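In what follows, subunit A forms one complex with subunit B and a second complex with subunit C.
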Partner chain A sequence: MASETLATRERRGSLLGWFRADTFEGVRRQRAILGYLFLLPAFIGLVAFVVGPMFVSFGLSFYRWNIFKPPDPIGIANFQRLLTDSRLPGIYGNTMLLVVGTVVITQVLAIALALGVTQLRSRKFAYFLRTAWFLPVLMSGAAVGVTLSYLFQREFGPINYYLGVLGIDRIPWMTSASTVMYTIIITAVWKNLGFIFVIYLGGVVSLPQEILDAADVDGAHGWRRLWTVTLPLISPIMLFATVINVIGAMQIFDEPQIMTRGGPGDGSRTAVMYMYEVAFKEQEFGYGSAIAVTLFIAILIVTGIQFALSRRWVFYG
Partner chain B sequence: MKHQLSRRDMLKGTAAGAVGLVAGLAPAAVPAQDVITLRFQQNEARFTPVFENFNEIMPGTDVEFLNITGIDHEEVASKILNMLAAGQPLDAGYAATEATVLYAGQGVAASLTERVLDAQDELADYYADMAPICPETMLWEGNIYQLPDSCNAPNMFFNMNLLEQAGLDTPPADWTKDDFHEYAVATTGLGGEETFGYAWVNRLWGSWGPWYFVNGSNFLTEDRSPGGEWFWETFYPDNDDVAHRGGGFRWPAPSANDPATVEALEYVTSLTNEGIAPGIEMGGGASLVGLFVSDKIAMTPMGGFGAGYLVNNGMEKGQFDAQLWPHWKSQRHQLGVGGNWIFTGSPNADRMWDFLKFSIQVDQLLSQAGRYRPLMTTTPVRRSMAIAEAYEPTGPANWSVFYETLDRPDTAPIPAPPEANAVTNIHTRFTGLALSGELTPQEAMDQAQAELETLFARTRA
Partner chain C sequence: MSGTTTTTVQERHTVNPLDRPWGRWIQMAFLFFIGLLTLMPLLWVISTSFRTLRDSFTVPPVWIHFDFDFSNYQSVFDTIPFLNMLRNSFAYAGGAVLGGAVTSALAGYAFARLQFRGRDVLFWVVLSTMMVPGQMTIIPVYILMGVKYLNLVNTLWSLIIPSIFTAFGIFLLRQYFRQVPGDYEESALIDGANQWQIFRRIYLPLAAPGIAILSILTFNSRWNDYFTPLVFINSQQAMPITMGIVELQGEWSTGSIAVVFAGIVLSVIPVIVVYIFGQRYLLEGLMMGGIKG
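Now for the complex of A and B:
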C-alpha cells in the first residue's frame, strides 16, 4: 500500500500525472480540458476568419493601400474623408430605409402567416404554403435579382403590363431614385420572408397549450389573446428574429447589385455595396476598411438599442 | 455485449484520427515531370482546341483555365485584381480596353516590348494584317502589353423588320444625327407603345459614348503619350496612317462637363423623355439583345459581335443591318480592343509567350470554339478574317462596316485610364441620374467632373 501511494504521488508530480489524477478535481479538470478541446476548432475558425480579419480591417483603415503597392500609413485621413464624403449620407439613408422597410414588413407578414398557417385545418394545404413561402430563401440572391429585374422592367416588364391593364400608369420601378428603394425592399422581403416565417412558425407551434386554453377560459379571444398572450409568449423569438433581420438588412448586397448596380445614381446603393466598390473595384482598401468600420459600428449600435429596448417588451418568464 | 466508449478511448481515437488526417493531407512526393501547367484566365471551351494544337507542336503544356465572369468588364477586372492580391497567381489573362491600361498601370501586366521586338519576324504578318488603332490601344506609355485578337467599335444596328414597316432602308454611311432622329421617330410605336426607335445600355463602351465622340468631345481629355516609335518603325514602316500615333493613349484630365459632352447627354436624355428610347438599364446588354430580336427596338449600338449574337438569339440573316455612327460635328468612332496579357510575376512567362504567339495565327484564331466560326461573335483583329465568307451565315448586308470603322484614322479607344473602374462608376452613376431626371444633364456632368477631379487629384498626386 505504501509503495502504491508513493507511485500515485510521483504521478501527480508530473504533467501527465496532473492530467490523469483520479481525484474529484482531476476528473473535473479532465472534463474542462476536453470541453476546451472540442471548442478549439470553432475558436480557431472564429479567430482566423472573423476576429482576425476584423482587426486587420480596422488596422487597414489607417492606411492607403491599393493591394499592389505596400500600405502607406496615413493616420486618420480615411476617417476624415468619411466626414467629407458627400455620397455617404445618401448611401446610409438608403441602408436605413431598407432596414426599416424590410424589417417592419417582414416581421408583420411572418407573424401573420405563421399564425394563419397554424389555424389551417388542411394539413396538406398548410404544408404547401409553408413550402411555397420558404422556397425563395433557397434561391440565390443573384437569381432572384435577375428574375425580378425582368419583372420590374418599366417598359417591357409583366408587372407594369398588368398594372396597365388595371389602368395604372407605368411605374419606373428601377429607373427612378424616388421609387427604386421600394423595389429593392419588395424584393428583399419576398426573398427573406420564408426564413423569418419559419422561425415564427417554430415558436407558434411550440406555445404551451395549457396557457392558451387558460386564456380561452378567462375569456381572452381573437385580438385580445394575440396581444396579451400569444405575442408576449413569442417575444423572445421576436427579439431573435428582428435582430437577425436587421443585421441581414444592413448587409443586403446581391439584389440591388444585380438589379440596379446601385443606381440610378446612388439611388439604391447600400453601405455594403459602397464598401465593396471602393475596396474591391477601385482598390482603395484603406478607405473601404474605414467604411466597413462605420458599418460595424452602426450594426453594433442598432443591435445594442434592440437589446436595450427588449427589456421593456420581451418576456422570458 | 455492449461496449461503452470511455473518455480515454475517445481521446486516443481523436488523436489517432488527427495524426491520420495530417498524414493524409501531407503532400505526396511529386515525381519529376516536364509538363508545365499554365494558369490562364480564359474561356475553357473556346481555348481548349488551341491548346491541343499547341501541344502537338510543343508538347508538355497543360492548362488550368480560370473562367471569371462578371456583369461587365470592370467587374471581371476587379475579380482578377483581387484574386492576384490574394496570392492566387495567373500566368496570363484576357482583357478588353476597359482593363488594359488598368493592369499596365497597376504593374500587373508585364510589358511585352522586349518579347515583341525579339519576335518581330514572327509577328510581322500579324501586325500587317490589322488596323493600326488595334495595337495602338494595347500600348501604354511607350510599351506594349497585349496581343489583340478582337476589336469592336460601336456601330448602329438596325432592325430591318421595323425599318421596313416604316418604309425605310439602311441609311448611307454619311447619314447624320438628324437622319438618325427621323429614323428613331418613324420606328417608335410601330408595334404598339412597347416599340422604341432606339435603346442603349448604361456602361462605358457603347453607351452614350458614341454620341459625345461624334459631337467632338469625350468624357476625359485624350492625348497620345510619347514613345512607341520602336513599334511603328518596326511593324508599320511604310504606313502613312501611323505618323500621328505614339506610345499609347492617355487621358490627362476630366472633360465631363465640356459643353459638347453635356450636349450629347442632353440629346440621349431627350430621346428617353420623348418616349423614343426606353428607360436605361445597366450591364452587358443581354436583355437589350432580346428586345432587339423580338422587334421591340429599331436601332441600338453594337459592335461586330452583334452579327453572331443576334443570330444566336433567333434573328435571321437579312433581319438586321449595320452602319457607321451618324455624323454630328464629326463621325469619329470609339472602340474597344480585346487580347491576352501576361502576368508580371508569371513563372511560366516564356511558355505563355510561346502560346500567345501561336494563338494569334489565323488558323488558330479560327480554331477557337464558337468565336469566329460557325458565326462571328466578335470582330476579328485580323483583316484577312473579316471577309464576306465569314459573314455569309449571318449577314449583315453591310458587314464590311465593322472593319472599315477600325480603319478610319480618327477612331480611338473608350476613355479607360488606370483608374478605369472608378471612371466607369462615375460615368454610369451620373448618366443614370440624368436619365432618371434626378439631375439635369448639366448638373450631372458638373458633379461627375468634380468627382473625377477629386479622383485624379488623389490617384495621380
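Now for the complex of A and C:
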C-alpha cells in the first residue's frame, strides 16, 4: 500500500501533514472533520430548540411553575390534576371528534377527487379543478378562520342565507355548543382537502394501467374494481395520507382559536388550545407542559396503532 | 381498421357505470361542485374587498360584483401598521428560508457524502426529532427566549431562529445529495479541488431542486404561521401578517368586513406568487410529506 506508507511518513513529518490532501489518509481525515463541522450548526440548533426543549417539557411537567414564583417540584401532581380536571374530558372529546370527523371526510373526498380528476378527458378542466381545490391549502389558517367566520355568521352569513332559500332554519354554526365542532370539522376539511388530494394524486397517476385493464378483462368493473383492485393498489399511500392527516388534525389550533376562541364555553376547545391557554394565558408552565406531554404521547400512540393495524389492510404489491 | 378496434375497447368499458354518459356527467358535476365549494368563499373575499363599505355585507350575498373601490385597501394600511407587518412576515419567512437552506444543505451533505464516526447514529437522532410536534417544545423555547435567558421575546428573532433548524430539511437535502454519482468527487479531487470546493461548486448546484422544494415549503409554512407569533409577539410593531388580519377583524368582529377581506387578499398574494412560479416544487415537496405548521 503506497498511500499507507506515504501517510505514515507524513504523520511523522508535521502536524499539518496529518490531513494533507495529497494522501489518501489525509483526504479521509479532512472529510471526517468537514463532516463534523458541517453538522455543527444544525446539531446545535436542533439540540437547543427541539431535543433540549422536549426533555425540558417532560421535566417541567413535574413542576409547578409560573413566571412569578420559582419552580416547585410537585411530583406527579400535574398528572393527577389532568385526571381530575373537569374541563379535560370535553376538550379531549372535542379533539377526538375533530380528528375522526376531519380524517374520515377528508380521506374519502380526497380519494374520490383523485380518482375522478384523472379520468377527465379535458386537461384544462382537470387543471382548473386541481387549482381550485388546492387554493385553501395556500392560505394561512388565520385567513381561513377569519373568512369562514364571516361565512358561518348566523344572521347575515351567506351559508345560512342559502339554507334559508332551501327552507332550512338558520343554524347557529359558531354559537351553539352542540353544533360548533361540526363547523370546525367542515372548516378543517375545507382547508386540508387539497393537501391530502395532492398526496393521492401522485399515487393515482402512477397506477399501473395494465393491472386495471386486466381487472376489466376479468370482469371486475366499477365499484368492484375500486374495492378489489384500485384501493389495495393505493393502500400504502392511504396509510401515509391518513397518518399525516391524523397528526395534523390532532394539532389544529388556528381556525377554532380565531373563529370561536374555543367557545361557546369549551364547546370548540381543542387540546392544543387548552395547552396554549394554560401555559401562555394563565402562565402555568408546569401544568401546560403536562398537557403538551400527554398530547405528544397521544400522537405517538395513535400513530403507532395506525402502523400496527396497517399490516392488516395495507397491500405492498 | 383502427376504427373497429376502438369500438371494441369502448364497448368493453361501457360496462363500467362511471363510463356511461350519465355516470360521467354525475362524476363531473360532483368534481365541479367540490371545486365551487373551495372557490366560492375566495371569490366572495376578493369581490367584497373591492366593494364600497355600504354595499359590502349584503343579504343575499353577492359573489361576483366589483365596484373596484380601492378605498378598503387604503383603510387596511390606515387601521393597523400593515406595511410593517408585511415586512415582518417577509423577514420571518425569508430568514427561515435562508437559514434553513444553509444549515440543512451543510448537514444534508455531511450525512450523504462524508464519512465520519457516529454518522448513522447522529442521523437517526436527527430523524427522530421530526416526530416532535411544535406544541411539545414551545413552552421551553418561550422560557429560553424570555428575559432570563436570550431576551428575544417580541422580536422577530424569536420566530426566525428556532425555525432555521429542521430535521425535515436535512432529510430532504440528504436524499438529493445521495443521488449525485460519486465519480464527480474523484475527478474533482484529481483536478485539484479541495473539499469545500467539491461541496460548493459541484454538489450544491446539483442539489438545487431539493433546495427549491425546501425553500418554498419553508416560505409558505412560516408566512402562514399564526401559532408561534401568537405566543412570542404581543406588540403590533413586531406582528406578522397572520396576526395582522386577526387584528383587522377585531376582538368582537368590529372591523369592517370589506377592509378585513382586503387585508386577507394582500396577505395571500405572496404565497400565490410563489405557487405560480414554484408549483412543481411545491407539489413535489408536499407529496414527500411536507412540513406543516
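Basically, the second predicted complex is superposed on the first by the 266 of 317 C-alpha atoms of A that agree within 3 Å, B and C clash if a C-alpha of one lies under 4 Å from a C-alpha of the other, contacts with A are read in each partner's own complex, and residues count from 1 in each chain.
Definition applied: a residue touches a chain if its C-beta (ideal position, glycine included) is under 8 Å from a C-beta of that chain, and two chains touch if they have at least 3 such contacts.
Here the structure is a predicted model, which is why all the values come from computation and not from measurement.
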Label the relationship between subunit B and subunit C on subunit A in the superposed model as either fit or clash.
clash
Return first, second, both or neither, reflecting whether A:Ile244 touches subunit B, subunit C, both chains, or no partner chain.
second
By the touch definition at the top of the document, which applies to A:Phe156: first (subunit B), second (subunit C), both, or neither?
both
Would you check which partner chain A:Pro71 touches, where first means subunit B only, second means subunit C only, and both and neither mean what they say?
neither
Now for A:Ala143: first (subunit B), second (subunit C), both, or neither, which partner does it touch?
second
May I ask you to decide whether A:Gly35 touches subunit B, subunit C, both, or neither, giving the answer as first, second, both or neither?
second
Who does A:Gly90 touch here: subunit B (first), subunit C (second), both, or neither?
neither
Under the stated touch criterion, which partner chain does A:Pro232 make contact with: subunit B (first), subunit C (second), both, or neither?
neither
A:Phe280 in the overlay: touching subunit B, subunit C, both, or neither? Say first, second, both or neither.
both
Partner, of subunit C and subunit B, that touches more residues belonging to subunit A
C
Using the touch definition from the top, say if A:Phe253 reaches subunit B (first), subunit C (second), both or neither.
second
Of the listed subunit C stretches (56-64, 74-82, 164-172 or 182-190), the one clashing with subunit B is 182-190
If I apply the document's touch criterion, which positions on subunit A are contacted by subunit B in one structure and by subunit C in the other?
30, 34, 67, 149-150, 156, 258, 280
The subunit C residues in contact with subunit A across the complex are 12-13, 15-18, 27-28, 30-32, 34-39, 41-42, 44-45, 57, 59-61, 102-104, 106-107, 109-111, 114-117, 119, 122, 125-126, 129, 131-144, 146, 161-162, 164-165, 167, 170, 189, 194-196, 199, 220, 223-227, 230-231, 242-243, 245-246, 249, 253, 257, 260-261, 264, 267-268, 271-272, 275, 283, 286-287, 289-290, 292-293
Please output the residues of subunit A touching subunit B within their complex, sorted ascending.
30, 34, 37, 66-68, 149-150, 153-156, 172, 174-177, 258, 260-267, 277, 280-283
Contacting residues of subunit B [partner subunit A, same complex]
7, 11, 14, 71, 74-75, 78, 81-82, 85, 106-108, 194, 196, 202, 278-283, 287, 291, 296, 419, 421-422, 425, 428-430, 432-433, 435-439
Complex contact set, residues of subunit A against subunit C:
21, 27-28, 30-36, 38-39, 41-43, 45-46, 48-54, 56-57, 60, 67, 109, 112-113, 116-117, 119-120, 125, 128-129, 132-133, 135-143, 145-151, 156, 158, 161, 165, 190, 193-195, 198-199, 202, 216-217, 221-222, 225, 240, 244, 247-248, 251, 253-254, 257-258, 272, 275-276, 279-280, 285, 288-289, 292-293, 295-296, 299-300
